[in-house]
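Heads up, the next two complexes both have chain A, just with different partners, chain B and then chain C.
Now for the complex of A and B:
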């Protein structure tokens, strides 16, 4: 479910808080500046196996997998 | 020759970390080849080509970490693997922090930081769109640093963002400053009343840094990704960002930086811009300023001019130039060329583009790997000829390597080879400071210059443009002194360095 968020101009009145998905040094830079940040320990879904990823996508979209 | 390899199941590192670690390992004495990477098909194929694919690594999957070392002695190989472990454990520690738990998903991170309003995404392109979709669906703004995202995905993501009244910056968006917070590759810039929207990362860094150094400040700097003003995307995010800046109480002046938009997009953009009540400065790189001025907007001639015009509109006063034309001519009068050709080694694409455009009418023939109209494409991008202006951050140079703003090694090699070429009379670089960038690029450049001088002791005129502010983590003044102490002429903007080049070339 999507949460209700304020519009873009609302963003400019709020303190920036970041979720970082990917390059860890971006998190480190923000931490150093005292910006609240949470780093995601991301890894490729399904162990990077493209076939299983496609299968999972189809299941998620409610398609037949056979 | 001893070959050692190691496979670590289910251990993931991002490509930047792995490329930088690989570089460190290659510096170890006795190491012929070292590879650390994820077990992707591409990486396994590369190992095979290099003769480094051991049976142990053959079954690796993209979620496994692979390490392979070819070294002169077994001892060197073992030491290298140990060093690899150390480098990666340091990285892992820094990223996860001492006390912070790093969840495996965005949803987990959102539970830990419920007030999060931006998701910064830099995973490989194949996975980036789905992470961005997830972020937008949770009502958060997105900065999509990743490249290799399809234009169809970009269109879908931006359309979704507009429906939800969110920002979707990127793909391939390297720079943004929101509420004074620099994100990814951005400079520490004073807060102020100038809002910038840009489809160019280094263009945004140059303009925001110059605004700061001219004494003004930035309310918001919003990157939109290089394709936003294409016909297919139609400027969706540029329009969204301009509207947001118009609503923003802190923003008094709006600056728009981009390559010239597609015809249809240009008209849509003007339709929105003409109703904007705040002054708008436009720099469509390389486009004719006259039609823009005719419509009542301030058209800038170059990046520095965009910053200066914005400051004038913000304060009502013309800011004094950071370096006057007389001062530039005076510096140029101190040197004489002893060989005819200019060699420019840029890490910033827009700065490379700007230099070509200004220099083309003066130098007549310019070669580049990324030529603008009128310049010539180098037949072999690794072999400069005549006046050559290179963008070392372009895709063909960064395959399998980190960007030259993070990793100086490729530019260091180029400094050595250009210096050794008897045709080279003048060698220039850009040094881009700020968060994300190398901690001591000036030092790295100077080390290669010194090595080059030892190898080929002859006079070459050296110049650098230093992009950044005194609040950047690298210390602007220290970087400037490092370059100047090595005999490099340092300029506060790319345009002033290009004027210096023109002046030196004209008196030969």
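Now for the complex of A and C:
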């Protein structure tokens, strides 16, 4: 009986092109191995600070609290 | 509250401002609220107890210069006696580089924003070496300040009357085309100013030896223009104060202990955090352990889209503050992410004459986690030693987060 391969396996049968989002060292590692990679400099809003995220939401939504 | 509309209104004030050099006078005559027992200083409010070395030294020097104390011992006693008041320059329509300490007798440049009529002030630059703004207060420092009061200021005041007003916005724009960013590189700006003033200095009634010394003094100091770029930037940003609902920063300033910001829509309020240590290049014989934390009102240039925000205009500056020419380009590019628009007047040749990043928005700073980029001089932590290097620094994020909280509380 032939082995069933998950569909994602096909991805590795062809040259890989990578978009890396966030941590730059992942992108650097791939570059060193000669893998074409495009890095996107992304961070969670307010660096993940929940208090600041809530303030930003409040301002953006124009919520008036009293 | 429509923050976007409020910011547009503030930006309109900033873009249309026309800072012009109109004259020189004694601080007591023109600076709002100036009195004989008041010393103005850089940065947010501070008392003697928490002042750093260079600021304390400058206070002692100003008390000696002002004639309020006969010697250092008496100056120290007076400084803590409660008889002397301390107040930020920014609360008196002015700015002071480094320690920024000014007393009532000191001559100041007068800058007027012709669009709105608001006036700003700054002392004249003392040059390099042992100078009051780095906390030096030896006899040579006091003697130079007296020469500035008795000769430099009167000669330049008369020369300015002969020359007429000088448009500083146009001069700063030209300096950017010539490789300055008008914070840590003012060679072009100083040269442009010298070209305007020199013929009129010659025409004044003063003795030739005084005129020669005045011209040599300006010629020998590449930072002479800094004390005009700063109050010009202040005049531009002051025109946006206090725009109801605006989240744009109108002040970034440091007193050597704390960094403080003010926001157009949050009238008179300071938001502070600890002043940071500067990363950069040190002069021979000095290192990071000798450095004072960040100090001075000169970050008003960055607040106005100049200085670190316009480093792409000044590739030669990386030899002074560290990094590469590509870093300078990157710093400017990054500042577009936290600003609202591009200057109509200040253009950056290396970016195909793109306008400098203008209008720092606290909402963008907090959301993106990108802090304003400042390039600056490094003061020795002890009074009187002077500048020991230059480099790059950011404000503490706390200033922006606290301002954001106050902004949300007030308007939402």
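Everything that follows uses one rule, which is that the second predicted complex is superposed on the first by the 36 of 66 C-alpha atoms of A that agree within 3 Å, B and C clash if a C-alpha of one lies under 4 Å from a C-alpha of the other, contacts with A are read in each partner's own complex, and residues count from 1 in each chain.
One rule holds for everything that comes next: a contact is a pair of C-beta atoms (placed from the backbone, for glycine too) under 8 Å apart; a residue touches a chain by one contact, two chains touch by 3 or more.
From a predicted model like this one, the values you see are computed outputs, not experimental measurements.
Q: Look at A:47 in the shared chain and tell me whether it touches chain B only, chain C only, both, or neither; answer first, second, both or neither.
A: Touch partners of A:47: chain B and chain C.
Q: Report for A:62: first if it touches chain B alone, second if chain C alone, otherwise both or neither.
A: A:62: touches chain C, not chain B.
Q: After superposition on the shared chain, which partner residues are touched by A:22: those of chain B (first), chain C (second), both, or neither?
A: After superposition on chain A, A:22 lies in contact with chain B alone.
Q: Looking at A:39 after the superposition, I want to know if it touches chain B, chain C, both of them or none. Which is it: first, second, both, neither?
A: After superposition on chain A, A:39 lies in contact with chain B alone.
Q: Tell me which partner touches more residues of chain A in the superposed arrangement, chain B or chain C.
A: After superposing on chain A, more of chain A is contacted by B.
Q: Return the residues of chain A at which the contacts from chain B and from chain C coincide.
A: 43, 45, 47, 49.
Q: Please name which positions on chain C make contact with chain A in the complex.
A: For this pair, the touching residues of chain C are 1, 3, 247, 363, 366-369, 401, 404-405, 407-408, 411-412.
Q: For chain B, which residues count as touching chain A in their complex?
A: The contact residues of chain B facing chain A are 10, 12, 14, 16-17, 38-40, 61-63, 91, 94-97, 100, 102-106, 108-110, 112-113, 115-124, 127, 131, 135, 137-141, 145-146, 164-167, 178-179, 181-184, 219-220, 240, 243-244, 247-248, 250, 435-436, 473.
Q: Would you mind writing out the residues of chain A in touch with chain B in their complex?
A: 2-5, 7-9, 11-12, 14-33, 35-45, 47-49
Q: Going by the contact rule set out above, which residues of chain A touch chain C in the complex?
A: Contacts found on chain A: 43, 45-47, 49, 52, 55-56, 58-59, 62-65.
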